[in-house]
Amino acid sequence: MSKKNIIELNQISKNYERKIALSSLSFVVEKGETIALIGPSGAGKTTLLNMLASNFEPSSGEIFIDGRPLSQLTDRKKRAKKIGIIRQQFDLVGQLAVIHNVLAGRLADWGLGKSLLNLFIPQERQAATQALTRVGLPDKMYERTSNLSGGEQQRVALARLLMQKPEIILADEPVASLDPSRAEDILEMLTKIAKEEQQTVIASLHSVEYARKYFSRLIALKNGELFFDLPADQVTNKQLQELYQLKELK
Amino acid sequence: MSMFSFDLHKRKILTVFLLLLFVWSLLGVKWQDGVIHASGVGTASEIFMAMFTPELSANILALAFESSWITLAYATAGMSLALVLGLVFGILASGVLATRKSSRTFLKGSFRGLLGFMRAIHELVWAWLFVASFGLSPYAAIFALAIPYGGILGRIFADMINDVPNEPIQALQAAGASKLQCLFYGYLPSVKNSMISYTMYRYECAIRSSAIMSFVGLGGLGYQIQLSLDDLNYDEVWTFMYFLTIIVVLIDGWSSLLRKRMAK
Amino acid sequence: MKKRKFNFMWFSFYAFLLLIGASWYFVIGVEKASLTELFSNENMEYASKFFKGLLGVGEEEIAFLNQESWSDAFTLSIETLQMSIMAIGFSTIVMFLTVIPAARNVADGSMTLSKKWYRWFVFGLIRISYIFSRAIPELVWAMIVIFIFKPGILPGAIALALHNFGILGKLCAEVIEDTDSRPIRNLASSGANPAQILMYGVFPTVLPKFLTYILYRWEVIMRTTIVVGFVGAGGLGQQFKLSMSFFHYTEITLLLICYLILVFIADYISEKSRYFVK
């Protein structure tokens, strides 16, 4: 096992009752890679991301993070330092001011006292301002989060990740409910930040265009199996066509 | 087929059943003996007419203001205590602080049961029990208000917390937040406005409840109404009733103003 | 505009802090209520005697172990139940008679698509009666009603109804105000008269919600029956007061048990029937 491999999947399978969601999936991710998971809906993308996020365990096989089994990474705070998650825009607490949603990325490092004090007197304001500036929202700091548009909310979620500084970012359809220009904005920002912070990204996407444009490697799933796993520039249109093709007529 | 028609008619069945219940309840009254006092009709019209001629002399108005303040003060003190009780028990009864499934079931069950008991007994009965055991003291009224109102606030707060959408909470957990941090950054900010609205609504009810604490011998508007009724002084009764109405309307107006502002 | 909203919230916050502070100051500073005195030895002794009395320690006749007392209490419980049903029945009737003109969208004619000048007048009159009914607690109504009616469950039911029709009316009028006006306009354009509009367009949509509110208020009424009984309006409450004045503490325990059973039954039934209506 090479030191560079930050994620390693070994014969991962997941069954729901009788249905197979993923069957013996194996691949290795190097540090700093940006990976797009593509494939038709129901292919197992979300299942895979959920397992990486430890939301549930694989039925068989094992996941290694930095060479250690994910199942042993049970400490919540340590896990937050390793793995950060961004999903569709429902991840923020709408009633809180933007700055608090950003600073929530620091909760793993803060004790209860500091996190309570922060709600009245924002702590580490400079870092929060910096994070918000990087995502282009320095002036929305004290707005109520629910008043922001969908794209802006997703940027706040990115700013939270900047505070959290995980080594791996899992993104589950991060731009699913955004219009195209906003979506490209967010993806560009996400991959740029990841490059600057030397983070590894695994994102599930429904759009192949975005996947090819912003990510270095594409992993395609179909019916719970690995369909192809290639650098973004080596994926052919024919392969993509086959990936999204409905069941062939007999 | 029969199942389908039952489904279609179940509302009608329920309505008929409820109507029959109402008729049965009417049979509980001994109508044949007469239900109105010999002088009842006269008294009724006297009371009704007094509605238009409330007593407005200076000393009655001063008394009305003083008793209004007593009523308001007991209600506010009781409600502030109820809010603390409701918050603490409500959060515990929601089970969001539990780490394991078994302890969550236990927390939820025991605290919801406790809240149910607190609110099952009417505040005046609590007041009576307190006065009977500890003697006459404003604390009897305050505690008597705080317990049932704490019970109802706690129950509703727990329901609100349980209805908070799961995604933001999961995201906080993924960012490394502990149970308590999730409470202060996720659950409480999400339900804060609904909690304020509901507490305001209950505050209005608490004013009414505070007014009737007089029945265990504690002062306030209810006490004055009782005294005036005993003297058959209906004009004064209406003065105090109008004062009570005004306080309730003011609190109601304030709370609806708050609700509108919060909705924006 | 934003600035003003902010200010009002903070103003309310500080006003409440002030009110709470003043209230506690009044209770502790002016009324000289003392917690330590509350828990003085004398009071504790008194309290323990009272609770022992409730539990029947050292008493010769223990009401809640006596079959005859149980059957008396059962009769009273049935009476109380009747009182609560009668009360919610009366308030429902009054609510139904008044709720339609009390809805804003009926008053301004947008619901029935017919404008009448007197509608606003009737609307105001009913709404004022609602406010008044709601502001006066059941017990005060009971004190007044008992001047007119002979003691029994009828005055209790009337007092409860007097307080509850206002609450029920307000809640139900809001339901009518929130109904979707499109199906109604459709009915009106197809030639239905106001009464037909109500029967076909309004009632079917609002009745389930009405029923929910009626059941909810019934729960509350059940809890309050004991209180109106205190002033002689029948049921468990009247007996409760009598037992209190004769210091028959074990009877009080028995009555409280019956009361709690009734309250929990009401909770249970109202929850189940809400589910049934869905």
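In order of appearance the chains are A, B and C, and numbering begins at 1 in each one.
The rule we apply is simple: contacts are C-beta pairs under 8 Å (C-beta built on N, C-alpha and C of every residue); 3 or more make two chains touch, one makes a residue touch a chain.
Because the structure is predicted, anything quoted here is derived from the model rather than measured.
Mind listing the chains that sit against subunit A and also against subunit B?
Common neighbours, subunit A/subunit B: none found.
Which chain has its C-alpha centroid at the greatest distance from the C-alpha centroid of subunit B?
For subunit B, the chain whose C-alpha mean is farthest off is A.
Find the geometric centre of each of subunit A and subunit B from their Cα atoms only, then give the gap between the two centres in Å, rounded to an integer.
That gives a centre separation of 47 Å.
Subunit B to subunit C: how many Å between their CA centres?
9
Roughly how far is subunit A from subunit C, going centre to centre by Cα mean, in whole Å?
52
Tell me, which residues of subunit B touch at least two other chains?
Within subunit B, no residue contacts more than one other chain.
Using the touch rule from the top of the page, what residues of subunit C touch 2 or more other chains?
Nothing qualifies.
Tell me, which parts of subunit B touch subunit A in their complex?
Against subunit A, the touching part of subunit B is residues 165, 167-168, 170-178, 180-181, 184-186, 189-190, 192-193.
Once bound in the complex, which stretches of subunit C touch subunit B?
Those in contact with subunit B are residues 5, 8-9, 12, 19-20, 22-24, 26-27, 31, 33, 35, 37-39, 43, 46-47, 50-51, 78-79, 81-86, 89, 131-132, 134-137, 139-140, 143-144, 147-150, 152-154, 157, 207-208, 211, 223-224, 226-227, 230-231, 240, 244, 256, 259-260, 263-264, 273, 276-277.
Quick check: in the complex, which residue numbers of subunit B touch subunit C?
It is residues 10-11, 14, 21-22, 24-30, 33-37, 40-41, 43-44, 47, 69-70, 72-74, 76-77, 80, 120-122, 124-125, 128, 132-135, 137-139, 142, 208-209, 211-212, 215, 222, 225-226, 229, 237, 241, 244-245, 248-249, 254, 257-258, 261-262, 264 of subunit B that touch subunit C.
Any idea which subunit A residues touch subunit B in the complex?
For this pair, the touching residues of subunit A are 53, 55, 76-77, 79-81, 83-85, 87, 90-96, 100, 104-105, 107-110, 112, 115-116, 119, 157, 160, 164.
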